[in-house]
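In order of appearance the chains are A, B, C and D, and numbering begins at 1 in each one.
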Amino acid sequence: MSATAVHSLWTTAGGVTSAAPGDKFTAPTIEYAQLAPVLIVVGAAVLGILVEAFVPRRARYTTQVLLTVVAIAAAFAAVVGLAADGYAGENANIAAMGAVAVDGPALFLQGTILLVSMVSVFTFAERRLDPASHGNRVDSFAAQAGSVPGSDGEKAAVKAGFTTTEVFPLALFSVAGMLVFPAANDLLTLFVALEVFSLPLYLLCAVARRKRLMSQEAAVKYFLLGAFSSAFLLFGIALLYGYAGTVSYAGIAHVVDGTVQQIDPALAGTMGNDALLLIGGAMLLMGLLFKVGAVPFHMWTPDVYQGAPTPVTGFMAAATKVAAFGALLRLLYVVLPGLTWDLRPVMWGVAIVTMLGGAIVAITQTDIKRLLAYSSIAHAGFILAGVIAASPEGVSSVLFYLGVYSFVTVGAFAVVTLVRDADGEATHLSKWAGLGRRSPLTAAVFAVFLLSFAGIPLTSGFSGKFAVFKAAADGGAGGLVVVGVVSSAIAAFFYVRVIVLMFFSEPKADGPTVAVPSPLTMTTIAVGVAVTLVLGLAPQYFLDLAGQAGVFVR
Amino acid sequence: MNPVNYLYLAALLFTIGASGVLIRRNAIVVFMCIELMLNACNLALVAFSRMHGNLDGQIIAFFTMVVAAAEVVIGLAIIVSLFRSRHSASVDDASLMKL
Amino acid sequence: MENLIALLVAAPLLGAAVLLCGGRRLDRAGHWIGTALAAASFVTGVVLFTDMLGRGAEDRALHQHLYSWIPVEGFQADVAFQLDQLSMTFVLLITGVGTLIHIYSIGYMEHDERRRRFFGYLNLFLAAMLILVIADNYLLLYVGWEGVGLASYLLIGFWQHKPSAATAAKKAFLVNRVGDMGLSIAIMLMFTTFGTFAFGPVLGATGDTSEGKLTAIGLMLLLAACGKSAQVPLQSWLGDAMEGPTPVSALIHAATMVTAGVYLIVRSGAIFNGAPDAQLVVVVVGAVTLLFGAIVGCAKDDIKKALAGSTMSQIGYMILAAGLGPIGYVFAIMHLVTHGFFKAGLFLGAGSVMHGMNDEVDMRKYGGLRKYMPVTFVTFGLGYLAIIGFPGLSGFFSKDMIIEAAFAKGGTEGWILGSVTLLGAAITAFYMTRVMLLTFFGEKRWQPDAEGHEPHPHESPKSMTIPMIVLAFGSVFAGGFFSIGDRFMHWLEPVTGHDHGHAPVSAATVTAATMVVLVIGVAIAWAMYGRKPVPAVAPRGSLLTRAARRDLLQDDFNHVVLVRGGEHLTRSLVYVDHTLVDGVVNGTAASMGGLSGRLRKLQNGYARSYAVSMFGGAAVLIAATLLMRAV
Amino acid sequence: MSFPLLTATAALPAIGAIATAAVPAARRTAAKWLALGVSLATLVLAGVVFARFEPGGDRYQLTESHAWIADFGVRYELGVDGIGVALLALTALLIPFVILAGWHDADPLETNSSRWRPTQGFFALILMVEAMVILSFVATDVFLFYILFEAMLIPMYFLIGGFGDRAHAGSDENAAAQRSYAAVKFLLYNLAGGLIMLAAVIGLYVVAGSFSLSEIAEARANGSLEMATSTERWLFLGFFFAFAVKAPLWPLHTWLPNAMGEATTPVAVLITAVVDKVGTFAMLRFCLQLFPEASKWATPVIIVLALISIVYGALLAVGQRDIKRLIAYASISHFGFIVLGIFAMTSQGQSGATLYMVNHGLSTAALMLVAGFLITRRGSRLIADYGGVQKVAPVLAGTFLIGGLATLSLPGLAPFVSEFLVLVGVFSAYPVAGIIATVGIVLAALYVLVLYQRTMTGPVREGIGGMPDLKVRELAVALPLIALLIFLGVFPKPVTDVVNPAVQHTMHDVQKKDPQPEVEAAK
């Protein structure tokens, strides 16, 4: 069934075209099996809402955690199942009447997203770090997000032992959106998916237990800028639609490279107008670059990362990047391959300023979360280098990098949640001085993550970086590789600075303590370390995986 | 009337909305400007839909409205809670985090 | 028989090892061990000597190949010895005088708690020196060359607690290193020219290469010789070297080590024969040093420094002779041997005097010592007569020969050199007489020292006097023994070759002339120091005298140009390294930080400005895309 | 599949490192002995490798090859040639001394914090470095080598920054600042070099499609791999830059004095005697083998840089007031000699350079470690604080002097052999360079003797009197090294025998012949 069918379905329903009213109505066919991962998660999310409504408060936390974990696990199982059925390879196809692609990249990214969300959810559910208030274990989310910080209402809420268990369904919704995002095969789905995973994130940012003002500020900034960017994205969609007369990737691609079957006069008119295509493509690109946090669309990143509750930051930093880059890849490889030569210079520029900008500004950061934010920007730049490679190796290298990066990120932020003092997490770097003396293990783990970020050999970071740079060099982007290594050198500086701080400087008397987490967070961190070392020493298996998943269906 | 004019109008609205976002302080107003941009998109979509003689654009417009509505819910929630804790809806006041 | 050769070196080397690693437990026996092993080496030498005499003149040379030292592609360096007449001469001189001085030191160093180490160093020196003279290739010679340098460094600085001694030692080593540079470059040249640096092949193939190459090699060898033999311009270290214990001065800085340069040149005769220009330079250096040393010797009041000057000058004679080519080689070596005897004797005498005078070295504080230490007086006196060339004594023969040879060089060159050597002889007579008079004649001039106890001059113990006596015999008879019937010449000829040249003046005339200048020199000295009493403090003296006291300002030159200049250079380089080379790096880091700080300001916390950047970014993105299509 | 000897030799210290790190805080001494034992066991294994290596045999012996990361065209390929085996032996030999010398350097100052285990960490890191260095000497896969080349920075970084010299001038905070500055400088300098090399490594893969040294060399030999001249030059520069930083070559040297000055003396020895050798080794192994043409193209410049290093380093050594910095600059001068020998591209030069790496390791170790004993006694690194030591501690002074004499390459001690070989090798190819280099031997005498005179001779300064002489442990460090210096000075054959064939291979790689002696040429 052709990719544009779903729309012709609507058109016939609308009856504007030649088809007479009351003509045969073909019901849309939805391949539920192939959409299983998404459906499971969405379903679980809806269930979660119901849980909020009907399950007594005491049991909610447990129920929600269980539900979420089970749902994600099931979704992952479904992904694995699909991959096993060869949807990643030979019988990759397009489901839901052209709305969603089920192919290698989609499944790989969905798998990654699900695993990452799984470990992130563990940190969401962590309740051992903050001292129990009024005998109730508390997590890092506000007792009652609505209540004014410091007000009697809040005190009462805390006393009553309220907790915002809504975060779990919210996370699930967001995950659902992320699952669709890289698989979206028409612009409408893309837009909807974007909103579906963004909106819950806006909320999640706002519900920190500590430092609520910053948390809310982060939410506002994230929300406004996010909405702003999605407006651009939407306008881009509009223009592309105007250019091609369709919003399905394949359809647009056909129009762009002029292999379209029947050309009606209107289409002929707009097809001639490259401005529509170029401006639309650029705006679409901008929408996605905003989500991956590329310069100059990055400015929300540091503030939001810093303000949001750290577990959310970790989730956001890891999963969002994966989803957004997935979508970006699909867009560039499926929709606009015809535009490669027009977009390449622009992408080069963006990649360069992103790598350098992120690395340079990070040097003078004093807050660990902001530091990681800028480092994530720099990494976005590295990944872009792989995206630009415009080759199957490029795709698989990016997939691999995303997998590597996301786990390390979640792990790193999980460690950040452990270092606490009187008023919550001690994120100011000066407080990390001498951490290595006080709790060598934590410091060592964090050092491992930092070294992986820095791309030191024998860590996963190096494997990823090497894969991406290699692909870029192969794809004729040697210049980017040089810029890449230079900015890695700059970046090394601030990672090293943190290590110096932790190990070589004397601990402060009023320094923070390292909380002993529950098995949940421990798992998150352990997974991070494991991935870092395994993919650093023997990445071959996962490179193969990414390699097989490197082909998009059209 | 040439449907292209609608596109000019859409672009105009979009620009107005965008500049509103850049200029206005009050979060609510900023938000409204964003809505305006979305509407501009809708206008463009519908216009194009008309040009191409298929309804995709109009369908998307509907989706957009729904999404916008959802955004309103979330957005207002956030802005209101911000307002309650700061007694100000100015986006410039919310600048604890910088540098 | 050739297997004995290694024993020459092995014995003292063993001694050095044992004494230096042995530790305190050997303190009591140390000096005996050292002396015994030195003697053993001497005995070995004698045995080899007799054996050598037993064979015909042509097949006297012995070879011993121990092992291949540095086997590298296209590069053969062996540890192999060659004992021919030339080497043999040195072996006997070194081990003989060496043994005597060991014995002497037993007494001289009696009160030094580090005597064991002293003997260790002495043995080390013997070993190195022997390697130097019996090596069969230049690289191994180089090993000995630096080895004696090390030994001399250790011995000059033996009293390390005296900063002056430590400085002198360092200076000696450094100046020698400059010379060594010459030697190593010479070896490299040989390698690139001949593909080897073993004596046989190199000296045999000198005909196959250009004169230019030979000249270059020759000059480099000369540089090395200058360093080791304290020839101008590298002579400055010898005077300071007197900081070392007197036996050291006698053995190393009079009899043996300093003459290594002469050995090197004579040994490399084939090269110099092929390079007249190099020879000329050698002769000039010899002549200059001859006078230089003599003049310095006249002005010094420190008895050892005076003798050091004399040594310099005498070696000047030898170098000059060696520079003359086949005419001179034999005489150079002969003078070297005789000089070894009498100069060693003189130094030991000086040591004996100091021993009796609480280590006072200023001759102006001596006087009339002949009464107090007769043996020393006699032996020293004989040495004195020998060095000034009193008829019949060693110096007379050897020096006379050199003077003759100088004239025999022929041409104006010949005349110049001849007269220089004569002048040198006169000055020699002068300063040696001066030393003699100041020390042993006149009335006593010593006062109580700072602690107020007056020195009680007394004769030295047997262990010291006996070596002096033996050496005195040498200084008296060696020359005659060698020259009667040209024994020495025939002995060395197979190695060095010899031609008589054509003397423009008869030997008799030369001898007569020598006698005349000798008398003049002595007379002047007598006039200045014999007749009237000598002031205990040196008078200001003429400009020349003052200059000569300061080694003709050579040290001042070094100090200003090399030391000061060097200090400035290094200090400025340290500065450069820190500010420039390192500054660039730190600068980049700093500028990065600055840039970061400035970019950071963009992140001003206002959502609207963020939106602006997004908007601008979008605009740029669109513009760029359109632009791309446009171009 | 024979027993993977090389892997074992590298793995043993790695495992030992982990084991040492795992020793509980209280059992500090146990950790020390464990580390020492492991290092000695490694030495034994290295000895076996040395024995099993046949100088006449294949170029690479005891080879191992396993698939590793197919996507990157990377294999786990090991193999040792004459040069590698010599340096491997050196490394394995020095580490026990380093450990022994650093016996007390990492004892915790404050015993209250129970979780903090500096001692264990110190020795574990040393062993980790040993493992990586050994592996890098036997890696015949460019990528594998690169990984180790970079990875070994991390343990070194912690060794420098984490365990500063207790004998520092000024306050503790000041010292800590100095130290972390030195550590960061070390890391960033080398990381920068390494990252530039990374670009070149990737470039090499793009060009050659393989990382296997043997494959690439073969492909180049049979012409199936053509490299554009410019490409080859760029790649060469990428590699050489990293190695020149590590070596270190002027003007990329400034990290070394800081690092060696601030680190504890055993670590300083580890840096200059072991880790830096990887740089010069890699020039010989990779630059010349992979990019022969480019190497020849770059030779003039490199020779000049090397000469500058020699003279400049020596002059700066003369100007130093800090013992350890002095030795550091001396090392810079010596590395100049090594590079000079490598790029002279003559048999003598390269054999000499390889020998030089070994001998310099021994001599610096001897000098530096004894200097370390001296410094720990007096608690100061400033030369001015010393004087007359030989009076109170003659043995210390003696060993120090011998170390010094080795440093100024006195004949009879090992360094002379190598230095002379280098000089001859250079002279026969570039006479002027040879002559300039000989200036280095005079300057060497200057800085060594000045150092000795100022510290050891003259009247006994205050603070020196009553200084104890070397203890048994310290003698156990100093004497074997001295013995080796003398032995290799008198009888270097064991090393030259393994080195010569390897050098001939390299000479063949760069298609160079030794210049013929004039006399033969004439015939």
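As a working rule, a residue touches a chain if its C-beta (ideal position, glycine included) is under 8 Å from a C-beta of that chain, and two chains touch if they have at least 3 such contacts.
None of these values were measured; they are calculated from a predicted model.
For the pairs B-C and C-D, the larger set of C-beta contacts lies at C-D.
Taking the mean of all protein C-alpha atoms as the reference point, the chain centroid lying nearest to it belongs to D. Here the CA centre of chain B is 97 Å from the CA centre of chain C.
For the pair chain C and chain D, the distance between C-alpha centroids works out to 37 Å.
Between the Cα centres of chain B and chain D there is a gap of 65 Å. Taking each chain's centre as the mean of its C-alpha atoms, chain A lies 24 Å from chain B. In chain B, the residues that touch at least two other chains are 18, 21, 30, 91, 94-98. Chain A has residues 220-221, 224, 228, 232, 302-303, 493 in contact with two or more other chains. In chain C, the residues that reach two or more other chains under the touch definition are 589, 600, 603, 605, 607, 611.
Chain pairs that touch one another are A-B, A-C, A-D, B-C, C-D.
Put simply, chain D touches chain A in their complex at residues 67-72, 113, 115-117, 146-148, 150-151, 153-154, 157-158, 161-162, 173, 176, 179-180, 183-184, 187-188, 191-192, 195-196, 198-199, 202-203, 205-206. Against chain D, in their complex, chain A makes its touches with residues 437-441, 451, 456-458, 462-463, 466-467, 469-470, 473-474, 478, 481-482, 485-486, 488-489, 492-493, 496-497, 500, 503-506, 538-540, 543-544, 547.
Touching chain A in their complex are the following residues of chain C: 589, 592-593, 595-597, 599-600, 602-603, 605, 607, 609-611, 613-614, 616-618, 620-622, 624-626, 628-629. Looking at the complex, you find that chain B touches chain C at residues 18, 21-23, 25, 30, 91-92, 94-99.
Here chain C touches chain D in the complex through residues 20, 67-75, 79, 139, 142-143, 145-147, 150, 153, 157, 160-163, 165-167, 169-170, 173-174, 177-178, 180-181, 184-185, 187-189, 191-196, 205, 208-209, 213, 566, 569-571, 573-574, 577, 581-582, 585, 589, going by the rule given at the top.
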